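Below, chain A partners chain B and then partners chain C, in two separate complexes.
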Partner chain A sequence: MLEINHVSVEFASENRVLAVDDISIRLPDGSRTAIVGETGSGKSVLLLSIVRLLPRNAIVRGKIELDGENLLSADKKRLQQVRGGVVSYVPQGGGASMNPLLKVGYQVGEPLIEHKNYSRSQAVEASISLMKRFNLLNEEKLARSYPHTFSGGMRQRAMVAMGIAAGPRIILADEPTKGLDDKRVRLVADSINMLKEETLLCVTHDMSFAQAVSRDICVMYAAQQVEFGKSEEILNDALHPYTRDIINAMPENGMRYDDVGFAPAHGSYLNHSDGCRYRDRCRERSEKCVIMPPVFDVNGRKVRCWKYDSAN
Partner chain B sequence: MSTEKMAKRAGTKKTKMNAAMIWGAAIVGVFVLVAVLAPVLAPYDPYKMGIPYIKPSAEHLLGTNDVGQDLLSELIYGTRISLFIGIFTSIIVTVVSLTLSLLSGYYKGAIDKAVTAITNITMGLPDLALTILLIAYLNPGKLSVIISISLTAWTGTARILRSRVLQLCEMPFIKIEQAIGMNDFIIMIKHIVPNLKDIILSRAALSVSAAMMTEAGLSFLGLGDFGAKSWGTILHYAFYQNGVIRNYYWWYLPPILCTSLAVLGFMLLGYYGAQKAKLVKNA
Partner chain C sequence: MILQTEKLTYKYPNSHGHTAVDQADISLHKGETVGLFGESGSGKSTLGLILAGLIKPTSGMLRHNGEKISAPYKGAHRRGIQILFQHPEISFNPALILLKSMTEPYNIYALPYSYSSLLEYLKHYGLYEEHLYRTPAQLSGGELQRAALARILAIQPEVIVLDEPTSMLDVITQVQIMNILKDYQSKNNVSYILISHNRILCEKMCGRIYKVENGVFTEEYGRPTDK
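Our next item is the complex of A and B:
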């Protein structure tokens, strides 16, 4: 079980920026959660803070507990065991996601060398069977070729194979479908859905992909969690105006979205005195929105919007 | 270490060597061959004395020096010392600068600040003066020459490598290696160093030529290894035994030409190798 408890991430540079603002998510074993939100909403930063791979100037507050052990205070040695071994991070398979000078077979099997003491040839063997699991076709030949010969979709599936190589219990996937067309997105979704026992936390801004791989969805906007609930509930009956907007804007829903106005950048998100951050783009705003809404509980779902204030 | 192999690797199979590099490799190759086959090629024992000041003739192709030693043999044996010191210094310089740049570029923070400070201070030192001073204090010999040259020669390479390591550390695949829990040493050796190889090889070739020049200069000043015969030593005796004033050109010209040619060879390899690498990077 991975528990993200009131985590905030701040980048301490000349212009202080709060990239993640007080987020709590519980991931019981076997749960599948997608974090959805627009670029810059802090999704990836949250993911990276779990494996502690943020830049040096990042300050992480709160607690990230792996079976009760706070990862934020773990030492380097323990972190190396956790990374790849227990919690694995599957990045987006862009052009430079693999070392251009090493063969794919070796790189995919590398976590096994580190965590399971495999020999080099055993690791390559294992990576061939891993890639077979994700139907990359012609796996023996692929294992012997270099990353630049791979297409985007192949590389992404190879990255998923690499991420799960050492048998981690928790998989963090960071926009695994970025830059892929619809068909490849489905292939990647299929390969992620093949991992049935593992806990999944997947960051994406593709709603239909989130729907395909997750059971819970967490919607983020401007560093905050604005809605959390079961995927079907969110997709069929979104509570937060922002969630509703992005669902309406999906191609299969006719891309219905009339922009109320361009939202000016809120800047650093350092204080809550500006009120609800979606206010400027929200069609359902009221006077109350100048005050930052707390998270309300609506039948087990969480939503950060004054509309659901039970005091009304 | 075989320099031809180095040259071959500098221009990888995919990126063919350009003409300048082929010439460089050929020159270096010839010198390496001469150094290795010195006992076979040299017509006389370079230490055997005979009639002094013989002009180039069929018997002594490059004449003899003030104590009658055959200059061609001296020159051939000198290749060994010059190349040995050049290549050995280059290895030390490369290893030192690679280690420092990996530490500073990968770990950043305090280590980086320390290494950068050391590099800056070393760069500020008058290197030739320091080298001469050091040699004067150390016991004369090949090793002290190598140590004294290496002490200040690593800075340029370290700087270039550090910047590249910093760049590589921000590449997704290095981040990913960290994310899957690889240990730092393996990330550095398996993932960073291979990506530095074009810089390492071309800078190594350039430091061979720089070290050879410095060695020739030191030997000329009489600060080299006295027992050994290097090109610089031949020049030293030619100068101090009045060979230059009396215009015994066969005595002082060949070591100058050999040094220049060997340096040119390594320069062509290193400089054009680096350019080639840059072109490939930018493409």
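Our next item is the complex of A and C:
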């Protein structure tokens, strides 16, 4: 069980930037959760805070508990064991995510050398069978190739293979389909769905991909969680006005969205007045929205919007 | 006809003669949006780079307003044909604050502007004074892409090649960018080439679509042309 408990992340720079604002998510073993939100909403920063890979000027508050152990106070040695061994972070498959000088077979198998004392050749063998599991095709040849010869979709699936190499129980995937076309998005979703036992926390801006790989969806806006619920419920009957706007704006739903305004400059919420952060863009705002709404419970679903205040 | 290609071909040097663009004949009229739709690797972005004058075709011809042109473009061709990339961060110098990047087109083309007129202009793109003093790394993907678009539109081009302009962005930002583009087109009669792997997006935005497979560009007929 991984428990994210009131986690906030702030970057100490000239102007303080609040990237994650008091997020709590419980991930029981075997759960599959997607975090959906626009770029700059803080979702990737939240993932990185779990494996403690944030830059030095990041200040993380709250607790991140792995079976009761607070990872935020774990020492370097313990973190090395956790990363890749228990909790695996799969970065975006863009150009910078693999070492261009190392062959893919070695890179995919490297977690086994680090965590399971495999020899180099054993690790390459294992990485071939891992890639076979994800049907990358021609896996022996791929293992001897360098990352630049891979397409974006192949690289992303190789990254997932690398992520699960050492048998972690929890997979954190960061935008695994960004920029990929529909066919390749489906291939990545298939690869992720092959992982049956692992706990999944996947960050994406693609709502249909989120639905394809997750059972629960957490919607983030401007560093906060605005809605949490079962994926089906969110897709069919979203509660928060922002979630509804996302769903209506999807191409398959006709790209229905009339500009009301743009998001506040990302990370600048500390300088903004209190109140609901979506209110400038919200079609359903009321006078109450100048006060920050708490998270309301609506039949087991969570939503941060005054519309669901039962005191109404 | 604002842009027209004749048997435009691009072969990668040293890649076993792989033909990325195979004798493409495409045309673009004033004020229209034409889609290049295909999977990744089909050659649509390579054609986009050729049209924008960033790479030279191996063979074939390209005309802008009837005039034969070849890369690197000069004068009116250079200003007239612009490209918006999929990854907005590569369009910006990472060391410069946004203000410096946004004033570049005005300085290059000696266009009049003032700090307050720039602020007023950028408002339409959801960019405000606080954005101007940040470096690209401190801006979100959506903010950067809107800034890249604002910078292109500041010089009033005739043609913009839109290379997967929203595939890295969330759906709301995607609609916002498409709305900015449509609005600008209706006022300025600019032409767009939209490169996308998303069929629904292409159909929504484009009057005509070329389907791209293995470097072959085929115009699709019999589609409704309303936008």
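For the reader, a short list of remarks on this structure follows.
The rule is simple: the second predicted complex is superposed on the first by the 304 of 312 C-alpha atoms of A that agree within 3 Å, B and C clash if a C-alpha of one lies under 4 Å from a C-alpha of the other, contacts with A are read in each partner's own complex, and residues count from 1 in each chain.
Just so we're on the same page, a residue touches a chain if its C-beta (ideal position, glycine included) is under 8 Å from a C-beta of that chain, and two chains touch if they have at least 3 such contacts.
Owing to the predicted nature of the structure, the values given are computational and were not obtained by experimental measurement.
Touch criterion met: A:Tyr257 reaches chain C, while chain B stays clear of it. Look at A:Gly300: by the touch rule set out above, it reaches neither chain B nor chain C.
In the superposition on chain A, A:Gly68 contacts neither chain B nor chain C. Listed in rising order, the residues of chain A touching chain C in the complex are 17, 37-40, 151-153, 178-184, 205, 207, 245-246, 249-252, 255, 257, 259, 261-263, 265-268, 271. Listed in rising order, the residues of chain C touching chain A in the complex are 39-41, 86, 125-126, 128, 130-131, 134, 138-143, 146, 164, 167-176, 178-179, 197-198, 200-201, 204. Chain contact summary for the complex, chain A toward chain B: residues 51, 53, 56, 79-85, 88-89, 91-92, 94, 96-102, 110-111, 114-115, 159, 162-163, 165-166. Listing the residues of chain B that touch chain A in their complex gives 108-109, 171-173, 175-183, 186, 190-191, 194-195.
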